[in-house]
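Scrolling down, you'll hit the structures one after another.
Two complexes follow with chain A in common, the first pairing it with chain B and the second with chain C.
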Partner chain A sequence: MSSTQRLFSGRWSFPGVRNPAGRRAGLPFAAGFLALVTALFVLCVPFTATAGSTVPNAVPPEGTYAGKDVPQPIEFPHDIHAKINGINCMYCHTYARRSKVAGIPPTSKCMGCHSVIATDRPRIKQLTEYWEKREPPHWLKVHDMPDFVHFTHEKHLKRFVFDNPNLPVEQVSEVCAFCHGDVKNMTVAKKEKPLTMGFCRRCHEANNGPFDCWKCHK
Partner chain B sequence: MSLENILTNWSKYRKGAEEGGFHDYEHMWGRVIDLNKCTGCSACVVACYAENNLAVVGKDRFADGHAMHWLRIERYWDEPDLGEGRVAEFQHHGASFLPMHCQQCNAATCEPVCPVAATYHTPDGLNAQVYNRCIGSRYCSNNCPYRLRYFNFFSYYESSWPAPLHMQLNPDLTVRDKGVMEKCTFCVQRIRAVKDKAKMQDRKVLDGEVQPACVQTCPTSAMTFGDILDMHSPGKGVENTQAAALWRKHQVELGKAKQVKQDPELRGYRVLEGLNTDPKVLFLERVREV
Partner chain C sequence: MSLDKMKRREFLKVLGWGGVGTTLAGCDMPTTVTVQEGKEEVVAYLAPEEYVIPGIGVWYATTCAQCGSGCGVHGRVREGRVLKLEGNPESQVNRGKLCPAGQASLQAHYNPDRITAPRVRRNGQFEQISWEQAFALLDEKAGPSSGLAGDRFAWVSDTVSGHQAVLLKAWMDAIGSRHHYVHEAVNDAVWRAVCRDMLGDENPRLRVDKARVILSFGADFLSTWGSPIHNSTQYSEFRTAPRGVLIQAEPKMTVTGASADLWVPVRPGAEGVLALAIANVLVSKHHRDISSLPAEAQEQIRAYDLDNAARITGVTGEHIIRIAGLLNERGPSLVLAGASAAGHARGYDSVAAAMLLNIMLGNVGKTLESSAGFPFPQLAAKTGGNKELLDFAAALESKSFDVVFFSGTNPVYTAPEALKLKDKLAVVPFKVAFTQFDDETAQQADLVLPLRSALEDWGTHVPAAQPEQMQINMQQPLMEPLYPETRGFGDAILALLKLRKAPQYSAYDDYYAYLRNAFAALPAALKLGTISDQQFWTRAVQKGVIEVGAGRGNLATRVVSFTVAEPAEEGRPFTLVPSAGANLRDGRYANLPWLQEVPDPISKVVWDSWAELHPSAAAKIGVKTGDRVRIESEHGAIEAKVYIYKGMHPDAIAVPLGQGHEAYGRYAQGRGVNPLKILGLATETKTGELANHATRVQVTRIADKAGDKLVKLGGSEVQLGRKLVATVTADVFARTEGEA
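Take a look at the complex of A and B:
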């Protein structure tokens, strides 16, 4: 990788991009200008791997829960569902194959089984409480992409699952695990993978994915 | 990547234009605006504000030239002088309208000047602006002969969409903050959605499937949007589009700085094409010398 390629590979600032919820995803204009000055400086001197790290906020936004435990309203055990009982990820995250987002299942989907299965467990009692109050649990979003990124689950699943007839159905969760980490062995899902532009790029390079900026940036 | 994209595409375009070719395009989105049908009603402007999360800057900042309208209706008067003793804000007749939005030039002057490659040419023939890469140097805006790039001098989020108005924002594109350049994208989020859908169904994009907000809204159907790559590379892109048919009918050719037309019934022209920017927006109005 040449130094200019490294410079433009996304390991630096995202100035002034704001999402509809009003959170600031980038840094103010002055810092953006600083990024320009640094970029020009970096172009003039031989590039070293540490030069970019002097820019404030030069790392991609990693989201609220990167690597942390997530305080979900109910401690949902992915391991029991996906590993012990072998339920396919897309049984609950059903929108993944049809839309941009994978989706959180509605409480009715949980109650489809849990009106009869394991009703005596404390977590299920908690769930039943929500169901009887007719209130959805307020699940927290763990894998939250920045708003300037366009990502569709639909197309990625088409490429790696549905256009791949040799893939046994038991291994579908490994496709999901590539970006979402080993959710099968977690209770509450954690964000383990960085989900940065470099992370996306490595896979796009390996699998001949599109390289046009506007394919993913919006 | 993007820098490489710019350097190769620019030289390829310049060489290609001499040889009558173009970039290695997948599509070439272009449009036709029939000025004889345009009534200047500004519905397209409103649609653009709604679709693209454009900030409403207020009267004072508008007067300072900070308006963020990606699509504006320019107004020209047949007789600028009202005559002696006549005072009126507007004339009663003789107005001509010109809807102006980014011309998506094939040889875009804004692209080679960007220091961080935030603006570049996509394989769709669009002149892209990547907001999270833009650092706000404003070189592109200064180099645009049409003045169709808009800079966020302020943060308009709180003033333009006080709660609960932020709920109306389009989630398919970002809300640009202070220090970022923006411009008409030909509603790339809609193009992207249509292309994704076509790919999921294993088919080609159809003519008329992509409709930018302004085209969809126009009450007199003055605008036609479509893939015009078919004109130059038959078999590539979307075939037999209405837009390409109009370009052919009015004998306007891409890659030329001057069009040679003998028939006075042919109306097509492009704005400032003499600058060799090769815009992809065709206006239908007989060019008149007054």
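Take a look at the complex of A and C:
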């Protein structure tokens, strides 16, 4: 354990905060004081029990966030697609396994199905209008990262899905839910996870992810 | 506590906490600064190409248009935006390398000061108009109905080549004007004139890689002279075993000078004498035969013996003997002469003396090769110098023009104040500027037409300095235009041509259509290996270059009549060296913050001008680094902060080109001074080029301005015994690592 990691682990020794790695470490007085103050910060972050993860070989990240409703040009129902019809997340967000971004599906992909399916519904009519105008909808970003953070979907899917022999790819939504929440049960996506550095860091620690500063800040 | 109200002390406190805090809990505080929900738009593709993956770049080939060298570039395009440029390895000009100015063309493209719509001057104020209105105005002023023709028109441009040059010539022919002035403030016009006269080839190919010793009289060939990236790639070969020796003689150390094994400060204007003195030693000590040279040349070589030469040039006899020795022992050599040798009244003669060394040493045909006739003369680069600026100003004085077009050049900035170009332009009834930026020249124009950036435009380019395998470079747009109300340069000229030659050019909707047609008409020899015009086009666009093949030719050697002169010591005590650097060049890159931010390789100064002086000269005036001085010529004065450096001749003061813009956007404007402004109008006797290294100036110390400091990265110029660069003596090296 490096000295930095030792410093991190100190925080876990305070009551009320779970230590997923089960470590306990003694603290010198000064660091203890700092940790006490910072722990007060931590306690302000609303912690709730994480949904029981079914992803093997993974400790899901902790933390929730009460995101606001983001009005989208078309009220896209994730639940109908992912839950009722059981469409794999990566069918539409096809770039997630290849690129740093998961990608909003191109309009042509929507029309691949919806030129024949449910064409009479108001939302589909709206979509068809966009398609006929040759203009993609201008969606609003729900999950945003600061520009100084390099996050890549590709590497995370590799670690938790493709290099994870015990997780069938059909269950990828469990992995997506780590950071995106229970999108399956939402219509328009809403931010459910804090996506703060602490959130990332705890997960990296619990899952033995890379810990160098430059892995994310490059 | 909001961020904008945070005081420095509080900020430091937070920062202090952050040291521990970020690792503990600070990182759980949502950063309201950057993480946003529902603020940014995210727009998917409508129907993407299969190879397009958001987040992953696709590289496209195009050509850098920052200078006339014509380096091939690859641009990384992601989500429809170009993000990074690198050299194109397929291009023999730059072989995958790219200079900082090339990298910074991104900033010319995304520059916030770009002009986004046409403007016309009405009652002294600029008003925004549409392209239709602009062309209606052009039709009125320059179309057939204007009643104007022929030499009432002039066009002032930078170096043009490829199909843009063809169209530009077609337009000049259509209006019947012979007044196309190609103005380049930083140029090698005198060198080209000497090559034309003595070698029969204006642009002989330099073989830096084949030379074993290079003697350069102020030719900054690694940074601003000729085709710097091409020269640099050859230079790396020159420096690998057996390691070539570089000798640089100049009044102000350039980047090339800083790389030299032997750097010789030569008195400004005495380069020709130094060349002849070296020739003298080659004859007297190394018994080189000069009987085949004309009597006049022989006589001059004999005239400059060591004592005489040392007195005139300020270079010690010892150094002259050493240089001659190196040139004699290690063949083939290459002798070059650049701006500081050429920019004097007898600049041509100095360059001719340098060329005489090439002839004496048998370099012609070895390290100077024939450029072997590029097969498409109409596409070849049309380049120029300062003579064209002087000619243009003279023509303005005789009120020759009714309409003047400007493109790619900024003569109002580069012209010396003494030329009074602004006043002379004022009498021209209609001035049109094709430009991306609101520069000094655009501000004098009556109609300003905004061009697309080089990364949004189509074109072909032919490098002035061709590599051994000659090529035509392809320029293609790397992304959609940022501003819909801008037009490509080719499109603009095509639209002009339609005013006069509609039947001939109306078949082309745009410049792209013209290019496609022109490519179909290229000879079959270029299209080997392709089965259709479409495939040829696709290959050209993919590779970024069209290979024309190698030509072989022979250079002539003819020694012209020349007379080197001792520089006259008149009037003011210092000679002004307006030195060009790779960062800002002639000032055209001053609006690119990356290049303002890159420290000058010699002085390490950023975002400013400075005046470079030798320590002894500084002592004479009584100034130290950072003090302000006033540099006064017959034609005006500039003020700058002193930078003291040993790489100067004590008689010279150097002020870098590029700053001192009165316009040209937020990054360029009101920063530093422009030494070109105080130049005299003396010309080089034989070529008529501006003798821009011959202006004499008076330097006096003036009071410092409060808060005006010389901002310079890098603390000291010496190692202070820290052994940052380890050295060993030749003896030790021979014993430990040398050949047995």
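Here, the second predicted complex is superposed on the first by the 150 of 218 C-alpha atoms of A that agree within 3 Å, B and C clash if a C-alpha of one lies under 4 Å from a C-alpha of the other, contacts with A are read in each partner's own complex, and residues count from 1 in each chain.
The rule is short, and it goes like this: contacts are C-beta pairs under 8 Å (C-beta built on N, C-alpha and C of every residue); 3 or more make two chains touch, one makes a residue touch a chain.
Owing to the predicted nature of the structure, the values given are computational and were not obtained by experimental measurement.
In the superposition on chain A, A:E62 contacts neither chain B nor chain C. Legend: residue contacts after superposition of the two complexes on their common chain; A:D147 is shown touching both chain B and chain C. In the superposed pair of complexes, A:E192 makes contact with neither chain B nor chain C. Partner contacting the larger number of chain A residues, of chain B and chain C: C.
In the superposition on chain A, no contact is made by A:D182 with either chain B or chain C.
Of the two partner chains placed by superposition, only chain B is touched by A:K155; chain C is not. In the superposed model, A:W214 makes contact with chain B only, not with chain C.
Contact with neither chain B nor chain C is seen for A:D79 once the two complexes are overlaid on the shared chain.
Within chain A, the residues touched by chain B in the first complex and by chain C in the second are 4, 8, 35, 39, 146-148. Across the complex, chain A meets chain B through its residues 4-5, 8-9, 13-22, 24-26, 28-29, 32-33, 35-36, 39-40, 146-148, 150, 152, 154-155, 158, 211-215, 217-218.
Taken in their complex, chain C has these residues touching chain A: 20-31, 33-48, 53-56. Contact residues on chain B toward chain A in their complex (touch as defined above): 1-4, 53, 115-117, 120, 122-124, 126, 128, 130-137, 152, 155, 157, 166, 169, 171-180, 188-189, 192, 196, 199-200. Within the complex, the chain A residues that touch chain C are 4, 7-8, 10-11, 31, 34-35, 38-39, 41-42, 45, 63, 65, 67-68, 70-71, 95, 98-101, 103-108, 131, 134-148, 191, 194-199, 201.
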